[in-house]
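Chain lettering (A, B, C and D) follows the sequence in which the chains are written, and residue indices restart at 1 in each chain.
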Amino acid sequence: MTSYVPVDTVGVASATPDEKQPWAELGLKDDEYQRIREILGRRPTQSELAMYSIMWSEHCSYKSSKVHLRQFGQKNPRTPRLLAGIGENAGVVAIDENIAVTFKVESHNHPSYVEPKQGAATGVGGIIRDIIAMGARPIAVMDSLRFGAIDHPDTARVLPGVVDGIGHYGNCVGLPNIGGETYFDPCYQGNPLVNALSVGVMPRSRLQSMQASGTGNVVILLGAKTGRDGIGGVSVLASATFSESGEDDARPSVQVGDPFTEKLLIEVCLELFDAQLVVGVQDLGGAGLTCALSETAAAGDGGMHVDLELVPLRAKGMEPHDILASESQERMLLIVDPAKAEEVLARAHRWGLLATAIGTVTDTGRLVVDFHGQTVVDVPPKSLADEGPVYNRPLAEPNDLGLIAVDRAETLPRPATDEEIRQTVLDMAASPNLCDKSWITEQYDSSVFGNTVLGTPHDAGVVRLDERTGVGIAISLDGNGRFARLDPYHGAQLALAEAYRNVAVTGATPIAVSDCLNFGSPEDPHVMWQFERAVTGIADGCQKLGIPVTGGNVSFYNQTGREAIHPTPVIGVLGVIEDVARRIPLGLGRTGDTIALIGT
Amino acid sequence: MSARVGVVTFPGSLDDRDAARAVYLAGGEPVALWHDDAQIHGVDAVFLPGGFSYGDALRCGAIARFSQVMDTVKAAAAQGMPVLGVCNGFQVLCESHLLPGALVRNAHLRYRNRPARLRVETTRTAWTNAFAPEAEIVLPAKHGEGRYVADEAVLDRLEGDGRVVFRYLDNPNGSMRDIAGVANEAGNVVGLMPHPEHAVEALTGPSTDGLGIVASVLAHLSEGASR
Amino acid sequence: MARVVVDVMLKSEILDPQGEAVLGALPRLGVTDVSSVRIGKRVEIEFDENARNVEEQSRVIADQLLANPVIESFAISIEGA
Amino acid sequence: MARVVVDVMLKSEILDPQGEAVLGALPRLGVTDVSSVRIGKRVEIEFDENARNVEEQSRVIADQLLANPVIESFAISIEGA
């Protein structure tokens, strides 16, 4: 017996235009809701409402940041190395005639505060899937962390959990951690930052697309079962019938990462790409099926039909909007030629991974989702993925900027005697932001794959890509919220310059940038001003340095109450080194070597 | 002809490529073996690599033990085929009862990655004959569950029979009697926690001492062949 | 002496990767009619002979130390008194 | 549907550092009269409605997979039938 609660279908929606809908609770503005009604020519179904609220959220639509991020495209230097840029899952740059590399940094700040271990773990898992979706084998991870005061009791909860999560996920999925940073500042007390970077390598010919193209092609869901993970946002849609059952199952819940399944996903996807069995691929990230279906359909030239009841479920009683919104981890969406679908399923099965055909590519231009034969979604996919709202929010310089600028280094007391200098050096060495980080870094595997040439404690991680030629890459991930608080334009450039230098000192040539922009609420004009300044600083800096921004991530609403964190742009710079044997390690060399200070 | 060393891939194995590289760099021929295939394709020795087979669910190595290939490996080991288990591979060997004892959570409760100094306690195994007696070597140790435990009686027997193969010089995990690796009675099956396959190139490892372990088995096999 | 057992399990809606992995392995043991496996912790606490408020204290320990309320729930049973 | 619970505990002679760590943390919660804490696993297995030989199968699972006899012992309890 298959029993399921009656659902809000397209037919029902057309017949009940005046039905009250919780669009405000879902985070949509009045005019946004009206636009949805215009697009559809009727009220949205519950499932459609869930999808629009997710895709038009700040997180997915970049509605507040888009107008500023355009600068990257405008100011990016042209380079033949850039094979895929902003707008893709991750930027791809050519290393030589055969090899390309893709890398990206992404935040998982809020989940890591709620449940540090799983929040951080799923952050690592998410960025790894972005790398797979480009066609690359992930080969390393890095992490940039910000916590509150080191002696605050909540830091004792958050820090070990975050480190455990990053370590557990990265170690178990088998990626060396080649560096990162850890800073403490009270402004992050209620809002720690967990930014994770992953980098992957591929033969240039293996670059994948997210297009759902080719009418009749099969849509396959690969990986974990779908559960109630992270559907908190849409829980207001829970039908009365269901909440009455009084089960604690109805509660929104935290995503838990399963690195073992992710490892299988990597191996299966790469096998499928190599065998040329895949037409299009997209990872399932924060916005789950909603995002993957609408983005692949929007990128294609036709439409898509999905039978949602075919999605393998982990929890009982899930409604269509739950399934569409679920953030269950370790899933990928594949678009496959029907003649090859059998083989795709068989290869997944050989690795013990679930793979299920859930739909087909159509030529209708619509994304149609049925649930047990009833149509619950029928929308133009571009309206979800590409045509979300765009805001040009007001900007205002923070009032206290002049005040904090008065407090200059020159006015601080200086150590005068030998004893005072000695004490200052000791204080600095013991200060949380400068002290040895090996308590953290020892919990990370750094040598799996056998290609890590430089890792912690070096300035940048260096990884060999090709054992025959010795070609490799160097990456550094840096940010400084205190500088950016004083002057977001130059603060962001300082972060860029630091990462650039860290790459250069290993002997590598910097070629590309990825960034993660951690800021407070975009609805606060002061924050928005900081954001605009920082983006402009990065775009100008990259133009001067001659390296493009290839992708990144924006994280807004990092604040506790009305108190925003320091604006914290974190910059990853990637460099190429022709022969890793010639890398330059940290340290003072040999007795008798000359020491020179260069620069200003 | 160089000896063929099979490297098993379980779902969740991570160091299979690295183990193959170590075999290759030491002059052997690596052969990929699959957990679900009972065939071991005529290999002369087997390397069970590190990783997190089956996500280390329940206990490390507990599920991998039931794979098709392990039945064959067990039978071959009984016939004297050299078998090496590293890290997760060591855990699989203990779970499969090919080696005594068990590997449990580190005493300090964390995963820790640090180069480990070891003493080679016996050169009378298939995997250590190329080392000088009591050689001190450095291999990366990185695990959360590497504390070797066994009954006192078992430990005494291991010591008495010279089956403690590697001992930590700075015990990183609380292993009983500082044991880092042990052998079966015949000396053909050896398990150790630290990673020889991550110490095969000066460029990427803390040493190249790991090569000695593969070199040992190659020497052992060619000796057998010439006998 | 009172012996208290605290069982800590992941909440039912939370993914249990360990349980899934074990479930997947059962067919190899010839077991095919199991539908779910969940793995949690069992904590055995021994209180001193003349300890007081054993139940209350156990609740504090379970709530603050043994279980992570975001993802886990617990049950306490007191075996002796 | 039968629900089986298998409790797996480290043998008493095996050091349980996790239990020790919890024991050591108790005074900070104001709990001072606990003499020992041991942490093991609780495995909940759900058999299909018409599964047979549930007890026998559970024993096989526990004995061969859930517990490692070198370090652990187990107890089985069957909750429904």
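Heads up, the rule we're going with is that contacts are C-beta pairs under 8 Å (C-beta built on N, C-alpha and C of every residue); 3 or more make two chains touch, one makes a residue touch a chain.
Just so we're on the same page, UniProt names per chain: B = Phosphoribosylformylglycinamidine synthase subunit PurQ; C, D = Phosphoribosylformylglycinamidine synthase subunit PurS.
Everything numeric here is computed off the predicted structure, so don't read it as measured data.
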Pair sharing more residue contacts (C-beta pairs) when A-C is set against A-B: A-B
Averaged-CA centre spacing for the pair subunit D and subunit A, given as whole angstrom: 38
Distance between chain centroids, defined by C-alpha means - subunit C, subunit D (Å): 8
Distance from subunit B to subunit A - Cα centre to Cα centre, in angstrom: 37
Junction residues of subunit A - those touching two or more other chains: 258, 260-261, 352
Contacts with 2+ other chains: residues of subunit C: 17, 19-22, 24-25, 29, 39
Per-residue multi-chain contacts in subunit B, two or more chains: 54-55, 57-58, 63, 66
Pairs of chains in contact (touch as defined earlier), listed by label: A-B, A-C, B-C, B-D, C-D
Subunit B to subunit C touching residues, read off their complex: 54-55, 57-58, 63, 66-67
Residues on subunit B engaged by subunit A in the complex (per definition of touch): 11-12, 14-15, 17-18, 21, 36, 51-52, 54-57, 110-114, 140, 142, 195, 197-198, 200-201, 203-205
For the subunit D and subunit C complex, residues of the former touching the latter: 1, 7-9, 19, 22, 25-26, 29-31, 33-48, 50-52, 57, 60-61, 64-66
Residue ranges of subunit C in contact with subunit A within the complex: 10-17, 20-21, 24, 68, 70-71
Touching residues (chain side subunit A, partner subunit B) in the complex: 167-168, 171-172, 174, 258-261, 263-264, 350-352, 441-453, 464, 467, 580-581
